[in-house]
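Letters are used for the chains, namely A, B, C and D, taken in the order the chains are written, and counting of residues starts over at 1 for each.
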Amino acid sequence: MDLSVSLPGLELKNPIMPASGCFGFGREYSQFYDLGILGAVIMKAATGEKRLGNPTPRVAETASGMLNAIGLQNPGVEKIIETEIPFLNQYDTSIIANVAGSKVEEYEFVAETLNQASSLSAIELNISCPNVKEGGIQFGIDPDLAYELTKRVKKISKVPVYVKLSPNVTDIVGMAQAIETAGADGLTMINTLTGMRIDLSSRKPIIANKTGGLSGKAIKPIAIRMINEVKRHVDLPIIGMGGIASAEDVLEFLLAGADAVAIGTENFTNPMICKEVIEKLPEVLQHYRFSSVKNVLEERVI
Amino acid sequence: MNKELVGVINKNYIARETVELVLYSEEIAKTAIPGQFLHIQLPNHTLRRPISIASVDLEEHTVTILFKITGSGTQLLASYEHGMQLDVIGPAGSGFPIDDLKQDEPVLLIGGGIGVPPIHFLLEQLNARGVETKTILGFQTEAYVFYEEAFRKKGQTTIVTDDGSYQNKGFVTDYIEAAGSFQRYYACGPMPMLKALKSTMTEKEGYLSFEERMGCGVGTCLACVIPTNDEAGYKKICQDGPVFAANEVIL
Amino acid sequence: MDLSVSLPGLELKNPIMPASGCFGFGREYSQFYDLGILGAVIMKAATGEKRLGNPTPRVAETASGMLNAIGLQNPGVEKIIETEIPFLNQYDTSIIANVAGSKVEEYEFVAETLNQASSLSAIELNISCPNVKEGGIQFGIDPDLAYELTKRVKKISKVPVYVKLSPNVTDIVGMAQAIETAGADGLTMINTLTGMRIDLSSRKPIIANKTGGLSGKAIKPIAIRMINEVKRHVDLPIIGMGGIASAEDVLEFLLAGADAVAIGTENFTNPMICKEVIEKLPEVLQHYRFSSVKNVLEERVI
Amino acid sequence: MNKELVGVINKNYIARETVELVLYSEEIAKTAIPGQFLHIQLPNHTLRRPISIASVDLEEHTVTILFKITGSGTQLLASYEHGMQLDVIGPAGSGFPIDDLKQDEPVLLIGGGIGVPPIHFLLEQLNARGVETKTILGFQTEAYVFYEEAFRKKGQTTIVTDDGSYQNKGFVTDYIEAAGSFQRYYACGPMPMLKALKSTMTEKEGYLSFEERMGCGVGTCLACVIPTNDEAGYKKICQDGPVFAANEVIL
């Protein structure tokens, strides 16, 4: 069955890719299966300089989900270009870089630097990381800031720019519209919802950063709702994510309005999940009377 | 490292809230080294649970793990019975380095509570290589003591309980001097114990096995980092560890 | 063990009450246990006139949670005063009325009418119901409207006024502060998060209303985070809710900043849950070295 | 109505994807009437699953339910075995009114798919009272047919399959005329079937049993309402129903 989809900068053999921060730069999961089967890989966030992230504990389990506050730990954009992109280049898959920063200038620098790397298919602006103290999150909750940032990065970037939306907002459509107006090529959504767990013995938050981002199956209904709402108002392609754990979930996201999907947390539960979902997708599409992924996108009623 | 379904061969309660599971896996039994762990999936739990390998049997192709019931995951794990299957990733992590040990000097093994299992696996391997061991094991109270016999059979063993309800009272660190000389020490246990060991035995070569809350368990998510002295500034407990040289990590 | 707590208008023998809409007016659950054991009962929403609510299906299951779009179905405030409050009056428990409406005037009318009922301990303004087309939800996401509504109802009401916060906002603290300034006596939080599920066979949302409110264990980390954040900035008592399913959960909410708690969805899973939690709470408090509920409130560090 | 833990006595696959569970409950066996259901809790599922009572055995104190595996809840329910326990609320809802039936005229029973179980329980009770029954049962295909013998033994029975793969082909409504005269009809099955019955048999007294997605299952949450002709304008399927007179509800 034809699973291919086309999005700006992304001619994907299938709509499945691992989500940023849940797959590192692919090295570890390449022990489990051939990364060449993936539609694309979204890399872990890149910042201007190396970052060491937050103190530990950085994760906590919740009902059907988890909290994380990694804090954008990464070796810095230059090191990523030098050592990680070449590794991924061995595989027949598209590479999307996730760009983060504290200031507009840092986003610009990271985007500009990444544009010099060969074989990068797109960048994803992470304007919504709730786990770093300064910056980042503000861009994700204020439509004017998001507009400004998107516009500035678009000016610099030759590769298509996707902007990743935070669900921690009152008006997700307003955010998406501001980003559309600024000229973004696509949206990715959703990032994590800010949450907290308290340890009863220590009487303190489990996560050292106190709050963390909630991801996993628990947030799927929120992701589906937001994607559907945005798709009804905004004309950009959407890479959907939030709790995907099966080929059925992928179809639910596509029907809701996503044009491709990313799988995050479930990689931790099942390191084979991307492969299993790709293998199962044709059967599931057929069962629900679709002839291809493109056929789903044509027939869905948003 | 691999993800595989392993069969449960046997289950035993061996101390208060402490369960031993024997699993069937030719592959893991053959390749595992002491200090490595299994990352175990449990139904309806997002995160896998890391549990150290406590011993392997190369003839029976089995791997034994041992855990304390401390929450919903270990509670569920304790419900597994002969005939059921577990989804595990493993053997995960790096183990205790033992290839460069001298044959003619004893090593000191220190285990605290649920840190005892990997120390037990290490004991077996050292014993097979003819390296003499001295062991200090710490437990909360008498009810939690396990594997005493297994250790005694293979070398000098001191049992310490927090409240003195069984044999010696106090912390494992109180009994290091009495253990006499050794070429190197290996330890696994709660963080305060590891910190105390590192700061007491500054001139001794030692390897410590750490615990941290994990996400992926395979080195990808950076949940489990520990600060180090090197250029990178950190290492990953799940992949680079859980065992580190005492002098490379910052506690 | 002393489980009692004092909140404005509410001298509760324990901090446990069923959440609005998840217990009707208590009749059905009175078959399962004596309602007199409850700290309080929060009744199903009351509107000015009888409402028939949304078309069915009205609920869908999600991972560790559920979606609902009941649509404020209720017999109208006068009927509630006539037949439901007298029923609950048989039991030795405090009664809190949940007030909903489409316009400020409807809220005022309902609040005023309820104030004539005897033995009502407090009212809870439901400014956050995401499941009715007109009104309601706007009050819950706009701090100015929330301020105005709270102020007008406070002017009318003799019994203390609690305002129920919607989690579907960017700035929960801003909302809480506006409501505090308007003179509310307390906050209840959180209401449901807007979500959606799509049925793969029909290719349409499962819930007839399309979107529904997500509740249950899945949302607990979001509730804990929001309560904690609000408590650090606002000086009002908080009745906490969102996914409570055990006595341990109750303690987690109290440590996060709640002064009492409500249990919603879990009543459906386990109709005995309120009773079981009340019975288990002393043991759990003792295990974590607390001598009473008040002791938790004193010792917690927000 | 009560919440209780009931033991699983027996499990059988009786047709494709169709499972029969026999449960032990003195209380439910004694009090249940046809049309009532059990509201069953399943681990890690927020909402209970409503499943009709298919029969009771007053001597063995057992209650039989029968369900089709259609999703994760029924899948899990199908994994229950002898010796395990289920948390159920029941008997829930109101049943088919039968006290005012005349003795000397037959009644027509109509069941479609998973609507057959409550009709079977009704058959048994009517039979015990000496009321003659004629039954029309509809199934998807041959593989899904169950309880045919049980019905045949107790009265005239017509089996219809959607595709004609077993006995008659078509819809149950196609075979009502052939069933001859009857004083009243009782039906349970998918909504299109109930709608067709209501609109075809306008002059006949009939009782229909409905399905709807439920929240509480005990009448409190208003998830399961059905529009009615009376002043209130609605009734609750879980509590006032699932059985309603055909002429009181608006479909």
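Here, a residue touches a chain if its C-beta (ideal position, glycine included) is under 8 Å from a C-beta of that chain, and two chains touch if they have at least 3 such contacts.
What you see is a predicted model; the values in this text were computed from it and never measured.
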Neighbours of chain C that also touch chain A are none
Output for shared partners of chain B and chain D reads none
Note: chain D sits from chain A at a C-alpha centroid distance in Å of 47
Per the C-alpha centroid definition, the whole-Å distance linking chain C and chain D comes out as 36
Note: chain A residues in touch with at least two other chains are 62, 64-65, 216-217
Going by residue number, chain D touches two or more other chains at 44
The chain C residues in contact with chain D across the complex are 21-24, 27-29, 31-32, 44, 52-53, 56-62, 64-66, 68, 70, 73, 206, 216-217, 265, 267-272
Within the complex, chain C is touched by chain D residues 1, 3, 41, 44-48, 73, 87, 89, 212-227, 233-234, 239
Within the complex, chain A is touched by chain C residues 62-65, 67, 141, 168-171, 193-198, 200-201, 203-204, 211, 214, 216-222, 224-225, 228, 243, 248, 251-252, 255-256, 288, 299-301
